[in-house]
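Look at the two complexes coming up: subunit A is in both, with subunit B in one and subunit C in the other.
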Partner chain A sequence: MALLELSDVQVFYDKIEALKGISLSVEAGRIATLVGANGAGKSTTLRAVSGLIHPRAGTIRYDGTTLAGRQPHEITAMGLVQVPEGRRIFGRLTVDENLAMGAFTRHDRRGIAEDRERLLQLFPRLRERLHQVAGTLSGGEQQMVATARALMARPSMLLMDEPSMGLAPMLVEQVFETIRAINADGVTILLVEQNALMALSIADHGYVLESGRIVLSGPGRDLLDDERVRHAYLG
Partner chain B sequence: MSAGPLAIPSVAARRGAARMSAVSLALWTVRFLVVALVVAGTIGTILKDRYTTAQWFEFVLFGLTIGSLYAQVALGYTMVYGVLRLINFAHGDIMMCGAFAGYFVATPLENSGFLEVHPVLGMAAILAAGMVVSGVIAVLTERIAYRPFRRVQGFAPLICAFGVSFFLEQTFRGLFGSSVKSYPAPKWEGVEFHWAGLSVPGVDLLVIVLAVAFMAVLYLIVQKTRMGMAMRAVSEDGEAAALMGVDVGKVIVFTFALGGAMAGIAGVFYAFLFKQVYFYMGFTPGIKAFGGAVLGGIGSVPGAMLGGFFLGLVESVGPSLFLDGIGIKAPYELRDVIAYTLMILVLVFRPQGILGEHMAKKRA
Partner chain C sequence: MKTLTKAATTGLLFGVGGVYLALVGLLEMMQARPIVFGAVNLGQAVLALLALACGAVAARDAGPAFARAGAGLLGGLLAGALMALLQVIVATVPLQGMFIAASPALRNMLAFGFAPGPGALAMLLGGGIGGLAGAVLAVSVPSLRRAIVAGAAAVVIAGVFQELIQLMIQYEGIIGWIRDFVYTWQGLRPQGAVAIFVIAGGTSLVLSHRSSAGHVPSPDQRRRRRFISAGVALLVLVLMPLLAGAYIGEVLMLVGLYILMGMGLNLEVGLAGLLDLGFVAFFAVGAYTTALLMSGSSIGLLHLSYWEAMPIAVLVSILGGVLFGLPVLGVRGDYLAVATLGLGEIVRIVVLSDFAAPLLGGPQGVLDIPKPSIGSFELGSPVKLFYLTLVCAGVAAFIAWRLENSRLGRAWEALRDDEDVAQALGVNLIRSKLLAYGLGAAFAGLGGSIFATMLGSVYPSSFQLLISINVLALIIVGGMGSLPGVVLGAIALIGLPELLREFGEYRYLFYGAALIVMMRWKPEGLWPSEVRSRELHAAAGEAEPVAAMEPG
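Let's turn to the complex of A and B:
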């Protein structure tokens, strides 16, 4: 069953058509990826799903209900959580407060405390920096904060916008490992990446976006082997 | 590429550099002159030895008293700026609304003798009236005048804030007249404390202590509660906060209510200190509190408190300390000039204020 489904979604910034009617679906429990060059419309797609911008046409359905007219915080409360591009952690809040912000929609104190503990075990670096202002952390640590913060919401589905951006190659490996682990815990993932090679190699299904249109789609492995993809994105 | 087109930008660049250095030379001259003036004035005043210790103490105490009010009002400017990037020009008038509310409760309480017999209960009722009325009006202005502009960039929201300011002033003038109303003076407010040859008016002490207590409560709300944390998150990145499930609209309403209530308390105290209530009374303290917020770093909550107190102290101590010494005849008449000069200097030389970030670059 498709957990997230976009059909013919069109998004405009003033008169610029950023998404020219795209359709995609993400099966529950899977990893899907949306790859494409800078400016293709990847972030726009995720922003439309999260309700940060409103499509001019088309429908977005999550878990069987339409997201039309819903506000970002309502969509998050439905368990559909985004880790935005550039991480956007709260640099003047402490690491612990960032985690608490992630759990903002929840009210089960015990569950929140358990999840916090579990995530601090997953990211031991964050425990050392728990009461430090998050803006002082390194890029890799900030990515951990962003991921942990999103997981504090106990999402059913995560939208991740270029989580590997600006990280050293070794850390990039780690990020993809983490994504796989989160998915293994049952969280459905839509991963947006410019790093097509890595993204396609962990994804069950991939979509290639070019100037606001999906030009190719298929199982991640098949796309990796596709001549056109190899030519355009993998050098 | 030929040498021709390359030569043009380099000349322009050199000219630009020369102009820059002329400007910065001028700015440095200004800084130097200001510092020289303050130092010369201070030395002159000390040499003249015109003021007694008791008088200096009085200046400082009054500076802290008025500063505590600026600090309370400055909090509203800084918090609203934080969540909306809007300078709520009408915030001084929100303070005026609280002063009126306090006046309308204080007058019958005083006339009936209740305020004389039950100062604590009476003051609590007056303060509650100021808080509630200012808080509610602040929330209404947000709902009616600012919310439609939430996604609008540019000057329109600021212009609208000017409109709200005039609207509130003229409405209160229309409803309650343009005369200055005298605020009741209960007998117990004449109490003075004496200590080591210095006298401390009870009113000043009451205002400072209560203002600090209310600000401490506000600080705890901002630092320790869920809504306070959401407010700080929205101030930093509203979109990211929304993605975490924060209802940004609710946070904005909360911010206006909190800032408005604080301004209402300040309005009651202001009326209590100066014994005057009139429709235009919010303007000057509003501008000065805004100056305090800028001084502390707009967007910073501790900065607003610090900036407010600092501005109050400078305006109270400054005339005698810097101006008397350079031979100015009626230095106290110039206290507002000192306050505004300080604000301009901060904007020119340190726009990020004492604790804040750069006003223009905040979101970059």
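Let's turn to the complex of A and C:
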């Protein structure tokens, strides 16, 4: 069953059409990825899903209910959580406070404490830096904070926007391994990436976005082998 | 070469500063405030301070001791030369058409009473000696330096505030004897000045000796010390009006009102990051609501008692804050500052308008507001109202403190850092922002309510933009997001200028200077909040900071 389903979604920034009617679906428990060049509309798609902008036409359904007219915090409360592009951690708060912010919508103290402990095992580096101001961490560590913060909401689905952006190649590998580990825990993932090679290689299903339209879709492996994809994105 | 240039620049800068102080008339005015009777006045003290500071700054990082002394001497000489030049110009060219302060009295002061020629030489020499002394002070043993600075500061404070202090020690017996030993009614006696210098300097020496012989204070100890000194300050605040009478009561009352407003604005700006320049509107709403509910004049609505009117005023202020917040919900940063500025002015102009005059009294205001009373005991005097303010501020501080550490407080901090992400994590943007405006307004409304009953009348002219700016300045100087900072800021920016009444005109000059100095050397404020000092330390050092946080 599709956990997240977009059908014919159009988004305008004033008069500019950023998304020209895109449809995609993400199956529960899977990893789907949206690849494409800069400005293709990847981030816009995620912003529309998380409620930060409202589509002019089309529907977005999550777990069977429409998201139209919902505020971002309501969508978060439904279990659909975004890891924003460029990490966007709270740089002036400590790592621990960032994690606490992730659990903002939750009230089960015990569960929150357990999740915190679990995530600190997943990201041992963060335990060392727990009381450090998050803005002083390295890029890779900040990505860990952003991911852990999103997981603190105990999401059923995670929207990840360019998690590998600006990271050293070695760290990029690590990020994708983490994504796979999170998915193995049962979290559905929609991954938006410029690094098409890595993204497609871990995704169950891929979509190629080009100037606001989906031009190709199919299982990740197949897209990797597709001549057009290789030519356009993998060089 | 580099040290030479630096010393010369420093000297010239301080010289220009001195010339500026002289030409705006501040120096001459300070001359009228004696510190040590017949010997030193505030103007001379400031001149000396300029020379000393100039020497100390010029000597910083100048290498070996003799080079530092030379740098200090050069800086002081140059600063003195500029001042001497000013004195000679004032003596020879009629400048008063342009600078009204360039009077013979100023010349006389800058020449130390000598003729222009010898006077210029004296100023030059004085600058040199002062600069050298500053440099020597800068290279001397820290504990000794601290002792000298502490002694001098104590003498200046005891001298400048002599009237106030003497008012507090109007007793017979041993206290009277000490008072007469230290003071005349025109300032300190020389022997008193020496005694104060020795006592304050000695205390400083003993303290620094003890701490250096023992151990470095741990953060815990330091925090405890800070809270002890805060406690002592609070005690002084509580007792002072009783000892010093109505005038101090009035000043402290004003400080208290600003503390209330500061705590309110602190929620908005310090925690939620909503820069609000129309804050005075909430103060006005509280004042006018109280006035209309209580006033005995024909415009009064219900003739309630203060205790009935005050909660209603606070509620109406909260409502006002929410209404105020609605139109600016989607506005961020600099735009928000301008938008709130406009909203604040709209409130004042509406109150002034003929349209609202039948309800709010227009420019004539609302008169005949009774004082609060408990049973038959009327809180009639400023001192009694000060205690009311103190109690209200205490309650407000408790609420603000609880809010800071609440879920809502955390949501505000997250919003301040990154609105989009905070929302994405489940923070209700609209509710949190409106709560920040509403709760901030509640504090200001409470202040306004006390203000109305204190004056017994309210006029639109009492609610100028300047109040918003004052409140903002005091939380910046005190330390954004910090409650003790609000208190310190209010005392420094509102209390001190009130006590130094004759310098009232120069208040904004002082503000400007204080703000620049704070931003340059202590941007986190006098008593910073933990978060704030952390973030500044984060910006100052350590690898890979802020760049990675920018949205891509």
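Rule of thumb we're sticking to: the second predicted complex is superposed on the first by the 235 of 235 C-alpha atoms of A that agree within 3 Å, B and C clash if a C-alpha of one lies under 4 Å from a C-alpha of the other, contacts with A are read in each partner's own complex, and residues count from 1 in each chain.
Throughout what follows, contacts are C-beta pairs under 8 Å (C-beta built on N, C-alpha and C of every residue); 3 or more make two chains touch, one makes a residue touch a chain.
Predicted model, so just to flag it, every value in this text is computed and none were measured.
Once subunit A is used to superpose the two complexes, subunit B occupies space that clashes with subunit C. Contact with neither subunit B nor subunit C is seen for A:219 once the two complexes are overlaid on the shared chain. Once the two complexes are overlaid on the shared chain, A:85 sits against subunit C while remaining clear of subunit B. Legend: residue contacts after superposition of the two complexes on their common chain; A:105 is shown touching both subunit B and subunit C. Contact with subunit C, but none with subunit B, is seen for A:137 once the two complexes are overlaid on the shared chain. Looking at the shared chain after the overlay, A:93 reaches both subunit B and subunit C. In the superposition on chain A, A:165 makes contact with subunit C only, not with subunit B. Once chain A of one complex is fitted onto chain A of the other, the partner contacts of A:71 extend to both subunit B and subunit C. More residues of subunit A are in touch with C than with the other of subunit B and subunit C.
Clashing C-alpha atoms with subunit B appear in a single stretch of subunit C, chosen from 2-10, 74-82 or 398-406: 398-406. Overlap of the subunit B and subunit C contact sets on subunit A: residues 50, 52, 71-73, 76-77, 81-82, 84, 88-93, 97, 100-102, 104-105, 149, 153.
On the side of subunit B, the complex with subunit A involves touching residues 226, 229-230, 232-233, 236-237, 239-248.
Of all residues in subunit C, those touching subunit A in their complex are 407, 410-411, 413-414, 417-418, 420-430, 531, 534-535, 537-539, 542-546, 548-552. Subunit A contributes residues 50, 52, 71-73, 76-77, 81-82, 84, 88-93, 97, 100-102, 104-105, 149, 153 to its touches with subunit B in the complex. By the touch criterion stated above, subunit A contacts subunit C in their complex at residues 50, 52, 71-73, 76-77, 81-82, 84-94, 97, 100-102, 104-105, 133, 135-139, 142, 149-150, 153, 162, 165-166.
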